[in-house]
Structure formats: C-alpha cells, structure tokens
Amino acid sequence: MSDQDLVVETVRDILGGFEPFALTAERRWDAGLWGALAEAGLTGVGLPEEAGGSGGELADAVAIVRTLAAGAGAVPVAEQLLVAGPALLTADLDLPSPEHPTTFALGDAVTVHPVDNGDGPGRFTLTGTVPDVAWAGVAQHVVVLAPAPAGIEGAVLALVDASSLPATDASNLAGEPRGTLVLDRVGTSGALLTAAQASELRARYALARSVQLAAALEQVLAWTVQYAGERHQFGRPLGKFQAIQMELAEMAGEVTAVTALTDAAVQALDRGENVVLAAAAAKVRAGAAVEVVARLAHQVHGAIGFTQEHKLHHLTRRLWSWRDEAGSDLAWSRVLGAGVLAGGPDALWPALTRVV
Amino acid sequence: MSDQDLVVETVRDILGGFEPFALTAERRWDAGLWGALAEAGLTGVGLPEEAGGSGGELADAVAIVRTLAAGAGAVPVAEQLLVAGPALLTADLDLPSPEHPTTFALGDAVTVHPVDNGDGPGRFTLTGTVPDVAWAGVAQHVVVLAPAPAGIEGAVLALVDASSLPATDASNLAGEPRGTLVLDRVGTSGALLTAAQASELRARYALARSVQLAAALEQVLAWTVQYAGERHQFGRPLGKFQAIQMELAEMAGEVTAVTALTDAAVQALDRGENVVLAAAAAKVRAGAAVEVVARLAHQVHGAIGFTQEHKLHHLTRRLWSWRDEAGSDLAWSRVLGAGVLAGGPDALWPALTRVV
Amino acid sequence: MSSNSLTLAPAPRSEAAEQLRAEVREFLAAELAAGSFTTHVDTWLSGVDPAFSKKLGERGWLGMTWPKQYGGHERSAMERYAVTEELLAAGAPVAAHWIADRQSGPNLLTYGTEKQRQEILPRIAAGECFFVIGMSEPDSGSDLASIRTKATRNGDGDWVVNGAKVWTSNAHHSHYGIVLVRTSPSDSANRHAGMSQLLIDLSLPGITINPIRILDGGHHFNEVVFEDVVVPGDMLLGEEGNGWHQVTAELAFERSGPERFLSTYPLVAEFGRRVAETGDPAALATLGRLSARILALRQMSLRIAAALDRGELPNIPAALVKDVGTTFEADVIEEVRRVVDVTPSLDSPDPLGRALAEAQLHAPGYTLRGGTNEILRGIVARGLGLR
Amino acid sequence: MSSNSLTLAPAPRSEAAEQLRAEVREFLAAELAAGSFTTHVDTWLSGVDPAFSKKLGERGWLGMTWPKQYGGHERSAMERYAVTEELLAAGAPVAAHWIADRQSGPNLLTYGTEKQRQEILPRIAAGECFFVIGMSEPDSGSDLASIRTKATRNGDGDWVVNGAKVWTSNAHHSHYGIVLVRTSPSDSANRHAGMSQLLIDLSLPGITINPIRILDGGHHFNEVVFEDVVVPGDMLLGEEGNGWHQVTAELAFERSGPERFLSTYPLVAEFGRRVAETGDPAALATLGRLSARILALRQMSLRIAAALDRGELPNIPAALVKDVGTTFEADVIEEVRRVVDVTPSLDSPDPLGRALAEAQLHAPGYTLRGGTNEILRGIVARGLGLR
C-alpha cells in the first residue's frame, strides 16, 4: 500500500461518517467533516511542519482532495491544501492554523496600498470587491491575489482575515458558497510576487479544480456503470443495451483522458516545473469532459438520477460549477492557445511536447 | 402527380442514362448529361419563355436541381436555373441561350469601370481575379457580381463571355471545377444593382447550394438506411444493431431539419420575400448537418463506402465542398447572427419569427 | 426520399396565426411590464401560476382547437402553435395548464364520454382545471408495458385502483389525472394488452401526493400513490384494454410542440442581448448557428401542426422533433459557454449567468421527459423500416 | 476508480526519450529543408517512401525496442513513442515501413521461428522490408470470425492458400503479409477457433494484388487474392488454431500509438500558423481546446507505452486511445472550420485549405481502420464489466 493509499483510506473512513447533503443558506458547508479532517491533521497535509502544516507530499494532498471531491465533501480542502497554503509559502507569509479554513481568491479589481515599505513581508491595505470567493462566509482567512500597487510590477499576495468581513451569500450550482468579499481599506499582511509567480498561483488554482473535476468525473462514471449493471429495463440490465454501452464507453474515454492529463500536470507541479500551460490544458480538458460525462450519466440514470434524493447530483452540480471556476474553460483555452504559439508560428509542436 | 413530380420523373429518366463518375482534369463535367437536359428544355426551366427560357415555376427549377444533386449530376444546373438566370432577369440583362451553361460568381475583388453611362443596361470593363468560380472552364458565360465603380452605391452585375478567357483548373473536393477567372479589362454588358439586390443574389446563391445539400443529404440517408438493411454482420442485418439505429435516427433528424428549413426558405423566395436571412439559416443548418450525416453514413457503410467504386463518395465529397461554397458556414452564421439582432437586443424573438 | 414516413408536407402560411401572434406578444409585453411574471427557463415545467393560466383562458388561448360546444375556439393547430410558441419564448408561467391544454383535453375529446367532455373541457379552456398524466412508475422507467398500477372492478362496477405513478408534473396543483392502469394481468405474448386509461379526480380518498424534488430542490414532480381508490365506473377513458393504443395516439401532441426546443430559449435571448452589447464576431456566429437550429426546428414542428390540422397523427416526425429539439435545448448551454466567459449561478448579478444556471440545472430533464432520446431514436429507426 | 481495467499508471518521464526526440526533430528539419519530403496529412497511410524508411533504419529508428541480435536497438517503448510521434507531427512519409515496424515485427518476435526472426527482423529494422496485415475480407467487415480464406496442408506439409484479403495497406509496396486464415472449418460453438496466422511472401505464385482506390482516387489499399498459393509449411506463425488469440494480442500495438490521434496533426499545425498570424481570440481558444485534447491523448498513449515497457498488453486502454483519438482526428476539421473561413481544396493556394482538404478526404478512414469505433466501444464496455 502506497502512502497515498493510506491517506485515501483514512479520508474515506472519515467521509463514511458524513453523508453528502444539499447545501442551503442555513447549512453552507460540512463543518463536522472539516472538524474531523482537521483533527486527523488532514487539513495541513502537504504543508511543511515547520510552517505549521502536517508535512507530507503534494501527492498526499492531491489524494485527499481527490477523495473528498469524489465524496462531495463540502469543505474547503482543495483551496487550502493546493492553493492558499502553497501561495502563502511562496510569498513567505505565515500560515494561519490549518484547523481553520483558509481559501484563495483572485482580487483582480482590488486596489492595494503599501503601508510598510520595509524588507520582508509587509503590510498593505486592500480596497475593492473580490467576486466568486470560494467558501466565502466559511473560510476564516482569504488569501487574495491582487495587482501590485501602481507603478510596481507583479502582484501582491495578501492574507485577509475574513472573520469580521461581510460576504454575500451567493453560491454556485452545487450550493457551495461563492460570495463576494467587499474590502474597504482592510489592513493585511502581504508580500510582493513577480508576475510569473502570480501566474503560477492562478494555474495552481485551476489545477486544484481540475483535480477535483477528475475525481468527480471518475466517480460519476463508476456510479453510472454500476447503475447500468443493476437497473433492468425491458427484461435485462441497462448495460446490455448497445446504446447504453456506447454511452458508457464514451464516458470512459473522457474520464481516462482527463485523469491522464491531470495526473501529468500534478506530476509536473511536483517536479517544480512551470505548470501554467499544463494546468490550463488540464482545466480545459476536464471542462470539456464535464459536458459529456454529466449529460450521459443523467441519461443512463434516467429520471431517478435527476431527483434530489439521488447521490448523482451532488457531483454533477459540482462538475457544472467547477468547470467555470478558477478561470473558465474559455479563458484557459485562450491562455493555452496563446501559450503554445508563444514560440512562433512554426514552433507549435515543440511547444506542445513541452507542456507536460 | 404534381407538376414537380413530372419534372422529377423526367430528370430521373435522363439521369438514368448517365452514371455518375469521378471528375478529373480530363473529364471535368458531364457534357452528355447537360446536352440531354438542354435538349429536353430542362436547362431553362423557371426562366420565362419571353426571355429565352422554358417557363415553369421556381418549384420546378428547384425540383430539377434537387434531383440532379441527389444523382450527383456533374452539370451547372443549380447555378444556371437558380442564380445566374434569375440574376440576369433582376438586372434586366439578356439571357444567353440556356443550351450553353451559364454560371455565377462573386467578384468581390474585381474593379469595374463604366464604358457607357447611358440609360438601360450599360457596358463595363472588368479587371481583377474571381476565385472559386463554379464550373470555370465549363460554363460559357459567367455572371459576375462585383462592387460598383468607385463613388457609386451598390453593385454591378456583369455578363462575362468566358469562352475565350483562361481559367485555372482548380476543383473542389468532389472534382467539380472551381477555377479562378482572371479578368484584364474585359468588356461586358452589365447593370447597376442596389446593395439590397446584390445581397439577395448572394442569398440566392447560398440557397441554391442549400437546396443541393438538402437533396444530397436525403439521398445519403436513404442509401445508408438501405445498406443497413441489406448488409449482414455477426449474423444479422446492421440495421438491427442498436448502435446503428441510433446513428441512423440521428442522421434522419439532421436531414429532416435541413429539408424543413430549406423548403421554407424556397417558399419564401417564391413569395417574393427578402430571403437573405432565410438563405443564411438554410445554408448554416445544412452545413451543420453535413458533418453528422457524412460522418455517420461512412461509419455505417464501413470501409466499402470509402472506396472510389462505391457511389457514396459522389455525394459525401460534394457535401463537404458545397457547405463552404457560396459563402462558408462561418460567414453566413455571422450574417444571420447580425441579422436577427438588427432590431435591437430585445427584439431577437420577433426577428426569428420573421425569417421564414 | 425513400423513408416517406418521416417526410411531411411543408406547413402553409397562416395569416390568422400571425395576427394572433401579434396579439399574444402585445399581451405578454404588457404583463411583463406590469410585473405579473418574470422570464425564466423551462417554465412549462416549473412556472406554475393559476392566475396567469386563467388570463390565457379568458383570452381564448387555451383549448384553442377544440369545438366551441366544449368551450374551445375552433382555431387551427397552426394558430395554437403561434400562441404556445410566444408564451414559451417569453418564459411565461404556463406550467399549471400545460398538460391539460396540450394533451389531456385532446385525449378527452377523442375518448371521453359526452358527460366528461361537457363537464371538464370548458374548465380546462377557462384555465381553471389542470391535469397530470400518470404513466411512469418507480420500476417501469422507459418500459411502460411493465407498469403495475392495477384497477379492478368492484361489485358496484367502480374501479378500485392501487399502485403509484411518478414524474407526475405538478400533481400538487392539479385536479385530475389520466392514469394508465393495468385492468387485466400482463401477458408476455402481448405486453401491450390489458392496459386502460382512467380519468381520476385527484381529490378522491386514498390518493396521496408526495413531492419528488429535483436536483436543484425544485418541486415540480410528484409521486401519486393510490391506495384502494374507488373511481366511478364511468371514469374509464376510452375502451377497456385499449390503453396502450390510446397512450400512443397522444404522442404526436406530446412530442412535437415548441416546448421541445424552446425550454431554454430565455437563455438564448439573454445571450442575444450580450452579443448585441459586445458585437464579438465569434459570438455573433454562434448566435447565427443557434438561430439556424431554432428556425429549422420551428419548421419541423409547424409541419406537424399542419399535419394535425389535416387530421393526421404523425408520431414518427414528432419523435424526431423531440429528439432533435431536446438535444438543442441542452446544446445551447455549451454553445454559449464556448464564446462567453460567464459563471452560472442562480445568485448571479448577471442575467446571463442566472439563465445559464437555470438551464443547466434543468438540463438532465430535457432529453428524458416524454420518452428518452434512446427510445425516440428506436421509434425513428422503426420509421425508417429497420425493425 | 472502480473500473480498474481502464486505469493505467502514469508514464514516467524518460530523459532518453526526450534526447532522442531532439535528434529526430533535427533530422526532420534537415530533411524538410533539403526537400526530401513535404508535410502531408495521414502520411502513415499514404506517405510511401522506401528511401525515407531506409534513412530511418540507418539511424536506428526502426525496430527500436527489439533485441539487438535481430537488428533491434533495445530501446524502450517510451523512446519509440517519441520517435514515431515526431515523424507523425512532421507529416513525414512513413507508410512504407509503418506496419512492419509497429506490428509485424513484434508479432514475429513473439511467434516467429528463430529462422524467421533472423532473416526478416533485421531487414525490417533496416527499413528494407515491408509488411501488410491480411485480416479483413470482402464479406467479413468487423466480424473477423467470419473470414473464409482457407489454408490446407498438402502432401508435402506445405499450406495451400485460397481466398482474398482486403484493406491491405500498401501491399503493392510490401514484401510479406501476415495473413489470418482458416485452418479448420468454422465451428458455431466457438467462432474464434480454427484460425491461424501465416507468414506469406507476397512474391509467391498465385498471389494477385489489385488496387482498391479510395474516394479521392488514392491508391493505398489493395485486395490480395490467393489462388492455390503454396506457402512453405514452416511459415505458420505461432500455433495452428491460435490465430484469433495472436491477432488479439497485437491490438495494444495497433491501437494505442500516436498515429491514432496525430493523423491530422499537420492540419492543426497549419491552423496554428493561421492563428499566429490573425490573433483572432476565438481561434486562439479553439487552438487551446485542440491542444488540450492532444495533450490528454499523448498522456493516454504514453501510459500504454510505459505499460508495454512493463511487459503488459493493455488492450482495453488501447481501444480507448483509438476511440478518443480517431474521433479527435476528424473533429479537428470541424473545429477549424468553425473559426476560420477557409475553402477546402487540394488545389488551394492556401496551405490551410490544402491541409483541410487532405484531412477531409481521409476522414472516413480514421474511425474505421483498425476496428470501428462501435466495435471499440463494445470492447471498452466489456472492460467496464458490462458484457
């Protein structure tokens, strides 16, 4: 059993005690699940112990995120382990305690003013609105990536204490909180990042969603295959109908493609490579698979899969949301298209072979 | 039996004597078929007798074009009956004898100079290249739609005697001649058209191709259904396999959609309505159907349908070509998109219900 | 074309329909302006508003094609087409009366007793009486021949019904159900024999209506449970044992209408507004492509309306409308996403984001309700002569 | 994921492969510059150039994974992957040796006699010996168990072969065929029994090679007719009666390579040039989407190369590569047309128009050759545990 298998088993055991549920304005996340994960030290995996994390490899963190995504765990683990935590480490900022959820957000419309120009991590004030904040109202801290102050190249990474800030209670199609944070001269610790570092963080965010998508897509396929084997129509299992077999095989092709590419992008990240294009590709490919897999899963399940009682929607609604989060399919397609042409019109192939 | 049924039967009888063949540089059209059609007066149908045509309705001309398209007749009948002839009538220009093929071409890069500024149909000289001329080298006359001389609104329709002009021997995917005509101060008769008239002629050209596409799509479906009923695999007819049934039904949906819309556009033309958007829609819808129908037809036919001996390619290669002729799918999509928004952002629905 | 069963004659133009269309459009504009409804996606399932239905009834826009003696208006199917299409395009709340007007009324006209017609049809036409269809059951899925809800005659000649029906749209707002029941035991030699339709007052004792919430939490569907429900003997609809045939005959009505391709039109409308604003050429082309598909579907659906006016029941072309149309309804989502950077959320400040969210959350239903597309394609294959 | 038979471990990085890749790229650039070939679509079917194949052999780029004793180079499947991928991306003329190098060589390595290996493999690796595969027959279609080409032993212990094989790629340029024949009568209880593979010298008397031209007139395929062809008894490949199993074992080689998704890559390259020129945002997005699909397919295919290096024969993942990959090959055409106004013509002055024409005219083949996608999906369904 690999380290990751052990991690997966631990997370599965914990998940077993918490059924997925429909998120509502009253019940915006699975605080109990989070508590159990935090208690087991799983909300700090992949973050070094000296920084307050639980240690472990990127692969461990990814395994946790995958397992929770497949289980529709309503907790900000992907954001914390794969984006916010590493972002703070990149910026050499202190990590808040992993026991309290920290999320990540793109504050492209935020204005940042330096308070302290001294060496090391400084102080900044932030003003503006940050839309689509994952787990707004749930996360105690929000790591905001914002443009650097006027006249300075690059970006600022700021750690915002969100516990006393108002957040709108908007949510995505799965009911996961995606509120807007309104910042009015909020003082934060922060650090300057280069433009390249900022791009890498955006890519990490997209890759985190890709990892979640890949896991959820695999789970949806597995459920659908199982259902087709069990459900009988016209006197035989659905899975014996050739039309259903064609649909399941198409789903399997999509899932396999997403997994292969996402895994490769994660490995590139683990090797310390620049993963902007790899993450873009993984996100775009996963987004394309969502359409096919969610559509065919519901088609095979028939009306029953469309009901709130059925587990299927916990993942299909997340799939439909996640594909447009952390940068839409369209936005990342353009990044990837421009990226593979960056070497010139005749260097497309070499560029493609360098992505992952 | 309707008038059109009679026309169709006559054309089918004639077609029966001429097998479709692969067009080559040596054998660029079916001169024999053309001769037989001309002798039967079918190359002047829909054009008034007083103008030198054979009389009859638009519906008759469309029926002839459909039948020839489904039979892969390598003759410029669609161009002559549905575009060039009506264009000349619109411009009040004399029709060349319907016995000799006349085609139509868009000369957007042609410079036109007036020779005679008097009343009535005038004389012009034309200079420039006209690409993608259907039946270049075959048609004796080319009706060229070109921009009006500098300082004048609208367009010029010119009747070019192509018999002594050089044409490159390029061809489309089906081998149908699609050469470039090089005009060097060529004197022609011609007439000024309004911009609206010019748009209508472009639309007529697109609609002519849509009619051909609709007919060829129907024929490809019919062949494929027949093949699936006859060909046995694994001990039963292909058509008994559910996967094949799904594919045939998908083809049928596409074909039915194209036919319904194309027929409606033709009827609108017959009622004298402005058909720019109707033709755009028919062309775009037919073009979209080509991908599905040609792909699935070949998939059902298997490798045998991919051979030169098999009849299928006579139509699939035409489908792949025609969809990008007389204005590509993309170009007409933009025309249609802009057209349905012309009444403003809140008037899309009323616009849609006015198209056909 | 050799596959003649798929081919219908083109629909003639109907000036009467166009005039009616203008009237409906004016009415809808006024209602929207007055705030009596707001536009939503898929309102023929989810937009229940009895008051709105009543307004339509008052204007003569329900029961349009029925004889005047039953409260109808003796209009053509083409005219009815124009009215329904305008209502859908506006995203108006038409769910309450939709099934009664589209399907149950025609069903009663064909198979109902004179008493049933006289009592019920005028109320439907007035927008005051709503219907559900009871066909699917928890275990039947697409295989309707496997239904188990049973009706047996008691000593008084009444029917005693036991069983459960699912996917009954808006049963909690409806007055009657037309319910497919087994009136004799199933026969493996003829799986379609022994079924009948009963007209059941949903307020009868023994009927329980349980909500079936869909994935976004919306309550449109129900399970209707029958426990020893005594249905008067004269509420048999049509002939005993003829249920399968009667159900099949309804399909041209059920599958061919504009609700099979316009459920997500409000999303197209929002997309159009966005394109008008940005002028993005790729989005313009996408709008053109979507428009071409809508225009083709309209002609397919209109041809069926014209065929209904000729007294035909073109079930196979109707299956094609539903297959091609419902595929389109879901495709709209992907086409829009391809060219516009928009986040789908019911809470979005952007109306396009909201419409996208509504369309997405309802998407699984489009190609399932009224016969899955796999079933429909099987029917089309039969029409092509393949089985 | 529960469907484990589809899942393979990620491919490790291979620095050796990347270094080799650079060498191949340099070689190809020089050859292109010297005009020794021009880039075309689908050259692994249509780009026959024995001189070019010989050059590859000289550089050690054929028979790469085979033992040195047979002329091979004992490289990994990952290294071979890099070489084949570079050749395909450049649209180089690799058709002459493709089948021999990909499939027949490995087949001989597994099932051939020592004599066959020693005689033939070094010639393949040198780019001097080309192979065809004789499987399909005029009436067999996808149902290989129904083949009728027959081999019977004569008094000398030799095989006498009668029958015909179709779709033999480039038989008119090839030296040998590995031909699936029936060596005992068909048995309805076990349709896959009684078949064997024969290694047949195509210059033997009684063999006629008739061209099968495809729709654009191209001559790549042939019918190979066997009339009382006497094949030496020791040319049985593998075990008598084991032909079906042997054929099946080849499939991981046949279906998983980059030729299953790069046949139309030269069209993507031309499209990229156009996008670089225009900078059109919609076209950039399309290029991004196509790139993401290529990148995923590369990883799927690389995983199989790595599995082959581990000694596995992952046929079901290979079927997936071919299904997803060949679908992609044809989709490229539609994706490009959606954003670029280009007329496909072999005579086009625009290289994009020419590439589009080549890709379109070959399109029907992508999802048919090597098993139709319907057949492949059936195999995948079996892998999912469904039949």
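The letters A, B, C and D name the chains in turn, as written, and every chain counts its residues from 1.
In the analysis below, contacts are C-beta pairs under 8 Å (C-beta built on N, C-alpha and C of every residue); 3 or more make two chains touch, one makes a residue touch a chain.
The shown structure was predicted, so the numbers you read here are calculated from the model rather than taken from an experiment.
Participant: From the centre of chain C, which other chain's Cα mean sits the farthest off?
Facilitator: D
Participant: Look at the interfaces B-C and A-C and say which one is made up of more C-beta pairs in contact.
Facilitator: Counting C-beta pairs in contact for B-C and A-C gives the edge to B-C.
Participant: Calculate how many whole Å lie between the centre of chain A and the centre of chain D, each centre taken as the average of the chain's C-alpha atoms.
Facilitator: Result: the chain centres lie 39 Å from each other.
Participant: Using CA atom averages as chain centres, what separation in Å is found between chain C and chain D?
Facilitator: Chain C and chain D have C-alpha centres separated by 50 Å.
Participant: Can you tell me which residues of chain B touch two or more of the remaining chains?
Facilitator: 241-243, 245-246, 330, in rising order.
Participant: At least two partner chains per residue is the criterion; list those residues in chain C.
Facilitator: In chain C, the residues touching two or more other chains are 281, 285, 338-339, 374, 377.
Participant: Considering the complex alone, what residue numbers of chain B touch chain A?
Facilitator: The touching residues are 241-243, 245-246.
Participant: Could you please specify the touching residues of chain A with respect to chain D in the complex?
Facilitator: Residue positions touching the partner: 218-219, 221-222, 225-226, 228-229, 239-240, 242, 245-246, 248-250, 252-261, 263-264, 267, 271, 278, 280-282, 284-285, 288, 330, 332-341, 344-346, 348-350, 352-353, 355-356.
Participant: In the complex formed with chain A, which residues of chain C make contact?
Facilitator: On the chain C side, the touching residues are 136, 141-143, 146, 166-167, 212-217, 221, 330, 334, 337-348, 357, 360-361, 363-365, 367-369, 372-374, 377.
Participant: State the interface residues of chain C toward chain B in the complex, per the touch definition above.
Facilitator: Of all residues in chain C, those touching chain B are 1-3, 6-7, 10-11, 13, 21, 25, 85, 89-90, 265, 268-269, 272-273, 275-277, 281, 283-289, 291-300, 303, 317, 320, 323-324, 327, 374, 376-378, 380-381, 383-387.
Participant: Hey, which residues of chain B end up touching chain D in the complex?
Facilitator: 22, 132, 168-173, 178, 231, 233-234, 241, 243-244, 291, 294-295, 298-299, 302-303, 305-310, 312-313, 316-317, 320-321, 324-325, 328-331
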